[in-house]
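Letters A, B, C and D name the chains as they come in the text, with residue numbers starting at 1 for each one.
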Amino acid sequence: MSIAVIYGGTRPDGNTETLTKESVQGLEVEEIHLKDYFIEPIVDQRHTSEGFQEVKDDYNALIDRILKHDVIIFSTPIYWYSMTGRMKNFVDRWSQTLRDPKYTDFKDQLSRKEAYVIAVGGDQPLMKGLPMIQQFHYIFDFIGLPFAGYIIGEGNKPGDILQDQKALIAAEQLRKKLKEVIS
Amino acid sequence: MSIAVIYGGTRPDGNTETLTKESVQGLEVEEIHLKDYFIEPIVDQRHTSEGFQEVKDDYNALIDRILKHDVIIFSTPIYWYSMTGRMKNFVDRWSQTLRDPKYTDFKDQLSRKEAYVIAVGGDQPLMKGLPMIQQFHYIFDFIGLPFAGYIIGEGNKPGDILQDQKALIAAEQLRKKLKEVIS
Amino acid sequence: MSIAVIYGGTRPDGNTETLTKESVQGLEVEEIHLKDYFIEPIVDQRHTSEGFQEVKDDYNALIDRILKHDVIIFSTPIYWYSMTGRMKNFVDRWSQTLRDPKYTDFKDQLSRKEAYVIAVGGDQPLMKGLPMIQQFHYIFDFIGLPFAGYIIGEGNKPGDILQDQKALIAAEQLRKKLKEVIS
Amino acid sequence: MSIAVIYGGTRPDGNTETLTKESVQGLEVEEIHLKDYFIEPIVDQRHTSEGFQEVKDDYNALIDRILKHDVIIFSTPIYWYSMTGRMKNFVDRWSQTLRDPKYTDFKDQLSRKEAYVIAVGGDQPLMKGLPMIQQFHYIFDFIGLPFAGYIIGEGNKPGDILQDQKALIAAEQLRKKLKEVIS
């Protein structure tokens, strides 16, 4: 039992990363920082005669790494009330994977995992971050990935998150829960 | 009085583009297809000692073009219940522009324009597209750009949108409204 | 083929009623003004040993009338960003009907009808009314009633809605659609 | 410094009440169970020549009691993805109070208090309860009452909430926070 964390942010030691590390400390985790990889935005070829063309970038390798784990954590700062564009580009590409003959069991594999969202924002995230949570809900529903929970934290400057007691306690609870699942 | 359209999709003659063209037909429009430009995802340097570093890509040139117009239409297919990653990356960069000494009047300029959203999706967009509209609402509120309206259409295959009478009529109404504003 | 309209408002010739009448003009309609009936708020007896007790009020008679029709229109002014308390009390009672031996086929009957929502509000209803639409979506999903569409209008003073061209055109389109369904 | 709790539910020892009592245990609290009072649904007389007419029910007495406190907790089971009809009818009446010469400082008084929402639901409340939270956000924003936080719990049968560790810990945190504020 192991965990993949997909980071959508860019700051070293950003608030979202800090909160996420609190949540997975001491557990078996593979961390993927999307900023370190090259991922093309999707080109919608669902209805072209040839269908989707293979893309030469890091996307498939990341999917392969993620699929090895049992828990997937989407860790994203809230930029403009939603996940980062980087993370959105990653998710958008799922439309291609769903039609990729190399990944015919993509949905089936995801259905046996569970997903968490950890997100930190600066402008009333517990209110204005809710449409993003609803979108993750729709996304995971469509792809058949059980949505097991989320943590929303508040912060702007690096380190701010350490003042958000509620988020820190939620991270601690999540860690306990993940620990039980894993052991 | 003129209109900038920012396209977030990738398909030639996609449903969203078709619906948007219905909305602006015969009017003075500058069309910007984000897929034709190179835009880096934001690197959050809000709190670094040097602040944001200049990025060598097409972003600023696009901002300059958009700022010349009075109406901005955000035209995006609904990918995974939200705007496309391409468009999100474009919006994310506004955080940089807000702190860019070359754009000190960015918010002020936007406050004298008005924005529309035109979006087409395939999975109950009139329901499951609503969190995206709420996000645009928060986004425009934050940046001070008046949100003048939106059209949500339904379609998957190219051409589907031509069956969505409701969306087509809304596009026609929008065109009339824009025409009045412009003349 | 016929239509039941459930009105949640209280004003004679209120904006929501006006918009609704535009939508059903000339069609076979049974109008139910909740304000003219006595409906007890639900008492949650789902888990008491005796279960729900019969309530002596007008609720069941209204359900019987509604179930005779093929289309149900929920017509509510937007009070405080949601349906009126009166309409909410009516909906809340469905939890009782779902367990009422006299209505064992309640969900089954509803599944063969279709629902519309018509709502008018005064404070940015096209934005701030969206959580209400999402709730109707969840409500209709749970009860198995197909959600066929909605119209959101803007207005405060009686008569304001006649200035909302977009809502009026949507009402006209809905009327045409209903007419086709009925004939 | 003291707390008013407004209960919208009907079950003795229901899940929402249990979670709320955890949150305020040992603190100075005045509890108001809406089910024990008679509150008329609002009749919208905002634009009649006479304006709102006095209503003979328990509403004003409850408002008077609530206004004495510094913290207001809205404690409602989630019925059909929203607050109960009873609580909605109570909130709807604020439109009258806002125009009542006896309450000219209603908004002003509320602006110096803070509000919390505690809600328990049975159908994915952490996802499907979010539109309700957004509505409370809009409601409190409009009335000028600072929205200090919310807890969403999960449960159906009485006692279920005691299995929701996350909600219980959130209640404990809220109690600590309220205790600090009060002392």
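Keep this in mind: contacts are C-beta pairs under 8 Å (C-beta built on N, C-alpha and C of every residue); 3 or more make two chains touch, one makes a residue touch a chain.
Going by UniProt, the chains are A, B, C, D = Multimeric flavodoxin WrbA.
Source: prediction; values computed, not measured.
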Identity of the chain that, by mean CA position, is farthest from chain C (Multimeric flavodoxin WrbA): A
Whole-Å gap separating chain C (Multimeric flavodoxin WrbA) and chain D (Multimeric flavodoxin WrbA), where each centre is the average of the chain's CA atoms: 25
CA centroid of chain B (Multimeric flavodoxin WrbA) to CA centroid of chain D (Multimeric flavodoxin WrbA), Å: 38
Multi-chain contact sites of chain B (Multimeric flavodoxin WrbA), meaning residues that touch two or more partners: 130-131, 134
Topology of the chain contact graph, where touching chains are joined (line, ring, star, complete, other): ring
Residues of chain C (Multimeric flavodoxin WrbA) defined as touching chain B (Multimeric flavodoxin WrbA) within the complex: 126-127, 130, 133-134, 137, 147, 149-150, 165-166, 169-170, 173
In the complex, chain B (Multimeric flavodoxin WrbA) residues that touch chain A (Multimeric flavodoxin WrbA): 9-11, 14, 35, 41-44, 46-47, 77, 79-86, 88-92, 94-95, 123, 128, 130-132, 134-135, 138-139, 142, 156-158
